[in-house]
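You will see chain A twice below: alongside chain B first, and alongside chain C after that.
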Partner chain A sequence: MTATSTLAPAPARPTPSSTDGRRQALLALARFEAFRMLRHPLTIAAALLFLGPWLWGWLSGSANRYPVLSDELIVIQLLALPILGGSALIVANLVTLRAHRHKVDASYDVLVLPPAWRLGGFLLALLSLAGVSLLLVGVRVGVSALLPGAVGSVDVATLVTPAALVLLLGAVGVFCGVLIRSVLVAPLAVLLVLVLELVATMPSIIGTGWRFLLPVYASEFPVPVPASVSDRPAARHLAYLVGLTVLLVAAVLARAAARRSFVAAALSVGLILAVGGGLTQSWPDPGMAAARATVEDRPASIQSCVTRADVTYCFFDGFGGFVSGWDEVVTSVRAVVPDSAASSGPPLAVRQRVPLEEISAYQTGSIAEAVRTVAAWKTADAAAGTPEAVRVGTEWGDARASAVLAAGVAYRLMAGEAFDGGFSLCGARAALLVWLVGQASPTTLAGMRSLDETSMGALSFSDVSTLFGISAPDRAAAPALALLKRPSAEVPPLVERHWAELTARDTPLERFGAIFGVPVQPLSPEEGEGLCTT
Partner chain B sequence: MTAVRATSLALRYGRTTALEDVSFSLRTGVTGLLGPNGAGKTTLLRIVATALPADGGTLRILGHDPGTPPGRLAVRRRLGYLPQDPGFHPSFTAFEFVDYVAILKELTHRSARHAEVARVLSAVGLDDRRRSRIRTLSGGMRQRLALAAALVGDPDLVILDEPTVGLDPEQRLRFRELIADLGERKTVLLSTHQTEDVMSLCQEVVVLDRGRVRFEGTPSELAGLAAGRVWTSTQRQAGALASWRTGTGLHRHVGDPPPGAALVEPSIEDGYLTLVGAATGAEAPATAGGAR
Partner chain C sequence: MHHVSRVPAPEAVDTSGRATRVPVLRRGGRARTAVALVWPTLRAMRIVPLLTAGLVGVAIVIPPAVTGSVLPPDTHITVLRLVMACVGIGVTFALDDPAKPTAETLPVPAWLGALIRAVAAAAVGGTCWVAALVVTRSGLETMSLPYADLTCEAAAVVAVAFLASAIGWRRSPRGIGSPIAVSALLLAMTVTALLPAPVRLLVATGDGWDAAHDRWAYVLAGALVATVGVLTVRRRRRR
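Up next, the complex of A and B:
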């Protein structure tokens, strides 16, 4: 100490507290704690972890699938629970235990603001974490919505759910701190949350009725589906989460001997929301079965169609943003097809399809059912005025999806009908299809190579929406891939000249090799052309 | 004006009697609370600080009954308490810590609160360390910070439990200045083992021993208890209540002097030893000077 200090009189004694003063102290405490919670290294790390990989994927171009906003929100929820929620749980727990850990209880016990109000301040401060979560989610969804090709809609309840999850887990952190005075409890609670998350992402291992009782639930379907058949009761689930949070708040305040009337009110509200939301979200929607049947079997009645050049594109509500991309693929495949072939058969149409029953996590489809579904689709397409429509799924933007659509279009142009399942293509047709897909664009070529990496014995163009993929044996794909290395101007005239021969069912692969001057491997004894019946 | 009036206070922990029939009163100024280890000083301070309820007796603090929730609240609004081992949040800055305490004292107006925090930090000489993290402060600085937290809100009653323990002589001197200044306007109850603190600061002294008040009066009255019972000699004398060798080489004795002994002026320490040493039979002053 170097200077002499004396205690100057206080300028004015603080105003004696009234109820308003206590509320103001509560708010001041909440502000103070909120500031510290937001500055906590764990909070900052969680925000970076939440945004970083997504931002990197977006900036580096590795995240090339066009965002479906409704689907994006589900992914965000699944990320927000362990990352943002987990950090909120630990940070809230540390704040609650801070006075005990630092042995300040003795001093704080004789201060004016009672323990229940102090805990109230901690709980209120969690709103800041929830607010930041909402902001982070908003940034992700907002940027995704601005990306080219973004489709789908944003449901407000689903948008708010990550923030509600943060509040819930933050309240769990406070509750743990009040109940058990050890910092080891919070990490264990986060571990439990991770287990719950794991269960949530495997909907088949829990019943349909129970999955909504988890803090998050994954979609029943592995691909985006139209909003009308999404079984996510988002608003009721949000009410359920808020109810659980209010119940935890009531438990915390009861433990801190808060005013009974307040605890009782919180308990009542929490019970109503948690039980009401929890029960009603599991109730089956009577109109859902019909809506699903419409989407799967008769989509034409609810789809919109646009015509580009002479091609008709039909899509589910909210998916119109994909049409430009589809059209690019269709145009580039048709560009090397003779005009006579391009205009033969019914007018070319592309229809969005999603086989709900076959891809649901709660049902087990069979091949026979899939065959019946495809047959029904053909009938429905004909009835809707788009016979032999090429099928396209609800995911778009990555190279694989482009390659699958290009293969569907190529087959349609070669065969005059949509692919409806069966064995591999064979002979010259198979090689021609592979070449048509590969030449369409660098994207389709990349998609094809990517599909090839995961194929065994044959190059299969399929995704969950096509039910049956078109495949070409590796023996047929090899000369086509070799041909793709030739200068692009050399091949199309030959294709146009030999189109009829190349697309005939009985033209052998050797003929393809002879026309284009590319080597063809001899047929091995175990490899029979008989398998290629399509 | 009487700020605290305790009448027959009692507290038991199971079969152990911590306090029994404790009566005293505190007025504006500094009152020292002396007593050997285990005398019940901290327990008594915690009762007066409203951290602990008494089992029996009556207590009025600043005109309120701390036994009732409204009375307790009213007392806490005008109370500053520095416990024996104050804790800190190491990651807080000095300003944040006192600000936090101020919020818990319900000082809600932001700018006024910040002005008050600045005032008490300045008063304890931590003005230039207000932005420093507590983990970077020395032990003496932390002790001053704890005092600042106790003083925030300009309390009428300040309870200090051994605030000068661990401080170097200069810091102790500064602390004394501060407490003396405080005692001019406020009621300060100071628990200490340092008789120098009592001598230089206190207008009143309460001596507690084995849960009972053994003395209540002025420091000179406490010293007066040993009048005619303190003497020096060249040799240690077995019959004395307490005796020790001083820096001059002479032995100082407290007790019944032998005929012809060279009597000297008693100090507070002598009075304390006369009072407590007689009761405990302790070989003081080791008893009085030891740390808790």
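Up next, the complex of A and C:
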């Protein structure tokens, strides 16, 4: 080491025979480093951590069998950035600093490759990490896309984005190593990436166009929405990320005194991509407002409908995968109501509705407003040939969503009309509804228990995607939940015999208690019955 | 250096030049050794990474406090957890010691130097953490954050970081354990972030908070015990 560094003047670099020779050496170095990066413990651990929770979800049976692919890709990006990207950053940084850490950088001067070519080899080796992340993401998305219940489509630009993120962070790692020769910088850079991710998911950022300048962006709606109304400039964002990576490569090579023409070319390509992609991605889409109004107010004009048995299911473009799941719940609820009631009112229909409330502008409206909105929806449904359609949201696959739909269907069968929003149910009807939902299937029962745990004062059948849900006060829910613990053979005949009385608007809760012999809490005087829907 | 030379020399040296069991230090002698060790150890310690990381941590909490933006309490907690991570990363450099190959031949037990480094790291890291808390508290609506529990979390993170540093020191022949230690700490953090609900550590304020902080206390205790083990257990001699 000292022998080379004390030589004066600087040692003459052994000149390779040709650029071709250098290129071969560069490729050999890139191959070697790619292999070392791939077998680095951090890379392997990151791959395991990326796949582990997902595999566990499948093994334990808690995975969602009705994934919305476009939203799943966003989640995967948010996961891939810190795990795969963070590990690439650290590994690339350690590789760049290896010579420095082992104090042999001075002896590198006698090697064939000049520093710029050597760094080029490191940067090329990053492609292996990007390839692995593309493979990992492909496995996760591919398995989801193959599910019969999968909805939406996979956008190629979104699919490739995690690999681009890995490349970008890997280049950041090399850049940090070139700029500051300390192992400390890379972990701090990873934390900075985490801060950026935190910023990307903050509601105040999600409302603005700035969010696309961050490496990842979150969905602007709390629930999945049809593809036509979500603002996701995936291809332009990908160009922006690639542009940033090329700019970093130019900076690394410039620092290592690479050929000027090469650096200038990389700089201009990077600038064009980064500035072009960065500016155009936040341009508002002129047709977006009209598309959102259509989805929210007149979904019938863009939805397609299928009929299973005698039930019509209408869904947004791409959401057809949910129909079999909805059908299971509707069938199970109809199985527990008496035959006379199973087709009360107009022909049963289920229509998908999605409130386009952006996360940034999230606010709770008044009950009067909700009732007005639902009335307008009902008019639109009647005009579209599906009067009194039961509403269903854009999320499916968990027990809670099943319980919410089951409650909507149960109300529709009890009252002969769809729930019109507003106040909570009261009296025997509320208790009967809770019993019907719990009796329909084990899934809806589990979903209802889960909803009960998170609601206060009343059992509220609403998730984020279906506003204006039905709710039953705890006083009415309690006897029904007690009744659900009875052996299943003795209750249904009683329900059938007293159906008309139980579904009447003015039957008090005490009557429900008397029919089934379950205790009903007396009404506390200060509480009163509360405001009930009529 | 003359401070150290006052320490009595080992009586027995085996053929490889390594000190065999050293019954040299008498009672009182060890205290004097420790005092003599303080200044050289502090001078040899890599305090700059710890300080840099701590300052980066403090810098994270400054924007929300300065801009006066009202964040939900859970966001403040997340930001403070990032501060902990920063301080933890700095602490992983605490035991880096290029002199390890020579120090191994000294009759001074390794844990004594490590203890001095631990106290120094705790002082610097603690100062950064307190600074971050003061900055956070000066913002809007942050008076009622659970600062005591968050400090317990921070202590656990720092203890795990020091454990990683000890493992790195133990595993690297040249005494530079930070590349291993930082990677191990970041891995541990990722695992922590991905823990399933029943054993989750990164909880938001609410129902599971107290139970989660019992688990944090266990992590803290476990990390301390493991660190003591890593630093004191003698390597079995290969024959």
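Simple rule for what comes next: the second predicted complex is superposed on the first by the 488 of 534 C-alpha atoms of A that agree within 3 Å, B and C clash if a C-alpha of one lies under 4 Å from a C-alpha of the other, contacts with A are read in each partner's own complex, and residues count from 1 in each chain.
The definition used in the following text is that a residue touches a chain if its C-beta (ideal position, glycine included) is under 8 Å from a C-beta of that chain, and two chains touch if they have at least 3 such contacts.
Remember, it's a predicted structure, so these values are computed and weren't measured experimentally.
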{"item": "Chain B versus chain C as contact partner of A:111, first or second or both or neither", "value": "first"}
{"item": "Partner chain(s) touched by A:275 [first = chain B, second = chain C, both, neither]", "value": "neither"}
{"item": "Chain B versus chain C as contact partner of A:309, first or second or both or neither", "value": "neither"}
{"item": "Chain B versus chain C as contact partner of A:289, first or second or both or neither", "value": "neither"}
{"item": "Partner chain in contact with A:504 - chain B first, chain C second, else both or neither", "value": "neither"}
{"item": "Larger contact residue set on chain A - chain B or chain C", "value": "B"}
{"item": "Partner chain(s) touched by A:375 [first = chain B, second = chain C, both, neither]", "value": "neither"}
{"item": "Which superposed partner A:83 touches (first chain B, second chain C, both, neither)", "value": "second"}
{"item": "Interface residues of chain A shared between complexes with chain B and chain C", "value": "none"}
{"item": "Interface residues, chain A side, partner chain C - complex", "value": "41-42, 45-46, 49, 52-53, 56, 82-83, 86, 90, 94, 101, 182-184, 186-188, 190-191, 194-195, 198, 202, 204"}
{"item": "Residues on chain C engaged by chain A in the complex (per definition of touch)", "value": "49, 52-53, 56, 60, 69, 75, 78-79, 82, 85-86, 89-90, 93, 176, 178-179, 182-183, 185-187, 190-191, 194, 196"}
{"item": "Of chain A, residues touching chain B in the complex", "value": "1-17, 21-22, 24-25, 27-29, 32, 98-99, 102-113, 118"}
{"item": "Of all residues in chain B, those that touch chain A in their complex", "value": "49-51, 73, 76-77, 79, 81-83, 85-90, 99-101, 103-110, 112-113, 115-116, 119-120, 122-125, 140, 146, 149-151, 153-154, 170-171, 174, 177-178, 181-182, 185"}
